[in-house]
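Shared between the two complexes below is subunit A, which has subunit B as its partner in the first and subunit C in the second.
Moving on to the complex of A and B:
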């Protein structure tokens, strides 16, 4: 059990320096620069708490995105000391007293740490048709549902846990070179629907959308995506599997 | 001024908004969804535990049906809900689960044979039927007589939201992300759309529509300690309130969830207790059976939260320098169960507390969780006060939840309301007399008004900081309008909020940018949030009884005689510092389930004079129809079926209740 009566010395906290990339493309004359903020660390401080404290007490113009602040919505991905992470789930105590924050690369920059992942994700979804392609157009919802093996439902959910935070794309070597690359998030979606017995698409259909260099054959297997995924999705196995299947079709 | 014309304008891209939009689109109407954040980031994603629907697939759900779900919902609401709406809801919820299954949601499924579960801290073996194998599974939740909560591991809301959002993409529904509706465009009698600000560029546009639906979620951020996402600031509620015409229902009904992680307030799901988790105090003692021998940890949320705070007041909390807390113990569920069915809980405990819940207890204390009140609508979702204005989901009060919502009934409500309101909104748009000639001059006036307000805010040279006033408001709400309420504290709360409202006219902004500007956003939301906070605090002050989550220490009885009525708050005078309150009576004589004891919590209430009369009437009818099937009995007690859209009237099939021909429809 955690120690409930914190000893007095725990009250003395470190001072942290957060170096944050500032740039507002909306403002004429704004140039990218690093700006330093100094704050006192608190117990259980996350980057969510730290950034909000900076915004309310030091610099109300600082831009960043948080929604759930509990690691489930995927809004707050940013580069923390050079690595993509969910900021809300990042405890400052795991870091040295100097932390550098920059926006996710690859995505359209809105300002400072805020990037437009939503726009890119919708484009990806449209391109890959990431919805269930069921057998029937309309289902009689008064009737007992179609059965599914419990293990199959679990396996689908395992891939369905993706929160579209963009960390995998930000860490991707191919995406740095090809802006039309669908990224691990896209492969994860295809893998998810491929597993789903309710989906009628065949490997030939999936080949149509990911069977080229913008898709699985563009992947260089560097697999940083797998290492940075905050949901620990099994991206490595899923991408390798998809590539084998697509190579068989091709 | 840019003007955008559509048939249906949906404000909010969470489950309720998206499902409403899909419904209208499927009926052939053009729809635009406005959202602060990408839809998949909506707060709907945070619903972990599940969705109530009486499918009756698992062994402990056998015998469940709409009647039992209805009874649980009404008792949960402490008789504050609209029973017609509750009936519409329980008949549609199984359809909503099945529709989502057909759209791809990976609902957790029943596995045939024996499995070990924890019930009342005992290991029990349950045997699932062969015939149920592969059907959608249910788990136990608070305040329910049967295992009814359908789930996707502990990421139910996430999975539902992704399914629904992908369907919206499939249907080509336009979603305008990172925009905010600042005001409804209306002439006092009809709503024509909204003034919308682009949060990136600051550009203002007029969106004009035949029908406008508010589905913008709850208002948890009015409180300092809340499980709600940072976007849940009640701006949908505020849009309606600011018209001065539309009313908000039961704003004082605020739910506190028993298990917010202490002190951050991040939610750990009710599924923890549903699956057998226990609450313990500073001595490690399991205290809930002392208070609630029947339902223990699984009484309704208002009751459990109150018992926890009561126990803390007795000095049984664990002291820390942030205040006292209690423990949630799920270690008895075992590592395998936690890592499979409660993995989100495990991740949250790891990331925010640095503990492994399979080994250590979780520090918890009740935190604001849900806004039962909302934009008052009819059962169709339309505001009775402003034609063409609709609302659905947490932002609405059609009134499914009364004074306390059951766990698992909120995500259920989002999609059910979307299915129902999507149909009614389409009917509305289909009627030729609801066509509009785009009121361009009116739209221009509203856009101009917002433009001037924003310019004034940017130019203001006062003394106050918007962020500081917001923090004071949140602190006041948590301190004065929390779980235990009494006249003195509420009156202090109201006065403090009024003062804050006055001070909010004296702001000074540091950042002067017209475009993306978080300080400007806080500044223009501030006044609206304060007005909403006042509808809650003042409504709570006026309601001199205890009902559901609204608990008055100075009036501990539920008082059906004087208070079986819904609070309606409106704000006709923009410069006033208090809302106008009116009340709407609930008709006991028309209730299928007349008021009584909930079966948990204190048995302490003053009857309405009509209650014994109606009770006798109900008993007489039940006796007379003894031989009739349950549908006929229900129909005789409180006919509601004709209130549902025709496509949703049919009965629901179950393993033990086959559907022959839907002849009843």
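Moving on to the complex of A and C:
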């Protein structure tokens, strides 16, 4: 039986207070502070929608990043009530009416909620050489690709789902203390290329990039990375697996 | 070796083949931790033999002094084990120190991170740091005492030490901190190496069960030693020997047979 009160219920939205960290490192004299914004919640509202609402109607100076709005690009990661999340995948409904938003720690701050994850990701990628190291110097695109077992392809794809949002690094206690720590995103990439039969690198080669305290032996297994990953990557098992393999090299 | 030192001094260590030591040290930290945690479990079982009776505790203490093998108690055997454990303990402490926050900035960062994130396992790690720090002092003092005064282990000797020598607050803190550190440590060890392959909820349950069981066992045993110590306080220093045992073990305090 349809609920006769349903339209009235739908109209009764909460008013949310979003407390947002404001700071512009480019601006001389700018000091970090928290600024409150009050908005009316809408049906199916995500934090991404709420932030756009604030920027459009209340404060055009508010800085935050987004591209895809669908949890694919990883641009809108931020700390929501102290935990890293993708703003576009976070429903305000799942939170109390007071929400704090701060930028991801660890990464270079551009301003307010906007951070330069790309710069760090590129540095990490270059440091760990996270690309396919094939047998041949040049790739012949006219030749048919080598066969790969579907299970292997699926396992590789599982790790390839990483969107490099930076949530795992922002959640990592080790990374907060030690800035040169590789982080789960780096381990995930190594695990991915280690699985790839086309990659010629051995465990000895992988040891050269993650076989120290800045790498896998620095990981303290706090597993916040695993718990906050928006793509639910199996980081816990992958890091433990890499640790065992690298320990065997040692 | 000389080349390596000069290359490292020149700041070029990262340009050479990576050292295998980080892997060995990581393994060693885990292995020493596992050994100490397992020893603690066994130790608490032996301690709690007092809950069965004075005779049971006497048998256990004399067993480790080799009484049933040599027909004579040799407390130096306990000293030897305590000494070896001290080495393992120091190795573990040294290796674990690498993970500690080493300056105020790091400590402030991790503390704020723990408070803001409200993530259970991250908070647990900080507890492990605190408990590990306390163990530097309490664990070391206990091992030192056992290494140098091994003859002071027995139903009455231990009870006198705990009650009349007023060491029960020391043991209360040591017990709580050691069991907490070991329970969290074993849990994190399983996560770290991915073995045993239990799910995280199962491992969390085991962690809680281990902590509750060994803490309860230890507290009961401590209470029993305190009770015996209280009743025995008028005869402080007198040793306990079961009526069926040889009288050669009946000696005054400090006089090792």
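One rule holds in what follows: the second predicted complex is superposed on the first by the 243 of 250 C-alpha atoms of A that agree within 3 Å, B and C clash if a C-alpha of one lies under 4 Å from a C-alpha of the other, contacts with A are read in each partner's own complex, and residues count from 1 in each chain.
By our rule, a contact is a pair of C-beta atoms (placed from the backbone, for glycine too) under 8 Å apart; a residue touches a chain by one contact, two chains touch by 3 or more.
All values derive from a computational prediction rather than experimental measurement.
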Exercise. Clash or fit: how do subunit B and subunit C relate after the overlay on subunit A?
Worked result: fit
For this session: State whether A:227 touches subunit B only (first), subunit C only (second), both chains, or neither.
Result: second
Exercise. Using only C-alpha centres after the superposition, what angle do subunit B and subunit C make about subunit A, to the nearest 10 degrees?
Worked result: 160
For this session: Tell me which partner A:91 touches in the superposition: subunit B (first), subunit C (second), both or neither.
Result: first
Exercise. By residue count, is subunit A touched more by subunit B or by subunit C?
Worked result: B
For this session: Check whether A:119 is in contact with subunit B, with subunit C, with both or with neither, and answer first, second, both or neither.
Result: first
Problem set entry | Partner chain in contact with A:29 - subunit B first, subunit C second, else both or neither | neither
For this session: Using the superposition on chain A described above, determine whether A:63 touches subunit B (first), subunit C (second), both, or neither.
Result: first
Exercise. Can A:243 be said to touch subunit B (first), subunit C (second), both, or neither?
Worked result: second
For this session: Give me, in Å and rounded to a whole number, the least C-alpha distance separating subunit B from subunit C in the superposition.
Result: 19
Seminar exercise, completed: subunit A positions within both the subunit B interface and the subunit C interface are none
Problem set entry | Of subunit C, residues touching subunit A in the complex | 17-27, 98-99, 101, 106, 109-110, 113-119, 121-122, 125, 188, 191-195, 200
For this session: Would you mind writing out the residues of subunit B in touch with subunit A in their complex?
Result: 37-43, 45-46, 55, 94-99, 101-104, 106-111, 133-137, 152-153, 155, 158-159, 162-163, 166-167, 169-170, 175, 177-178, 200-201, 229-231, 264, 266-267, 318-321, 327, 340, 344, 347-348, 351-355, 360-361, 363, 467-468, 471, 509-511, 513, 515-519, 522, 650-655, 659, 662
Exercise. Of all residues in subunit A, which touch subunit C in the complex?
Worked result: 79, 82-83, 105, 171, 173, 176-178, 207-208, 211-213, 217, 219-224, 227, 236-237, 240-241, 243-244, 246-247, 249-250
Seminar exercise, completed: Residue set of subunit A touching subunit B in the complex reads 1-2, 4-6, 24, 26-27, 44, 46, 55-56, 59-63, 65-75, 89, 91, 110-111, 114, 116-119, 121-122, 125-126, 129-132, 134, 136, 139, 141-150, 153-154, 156-157, 160-161, 163-164, 193, 196, 198-199
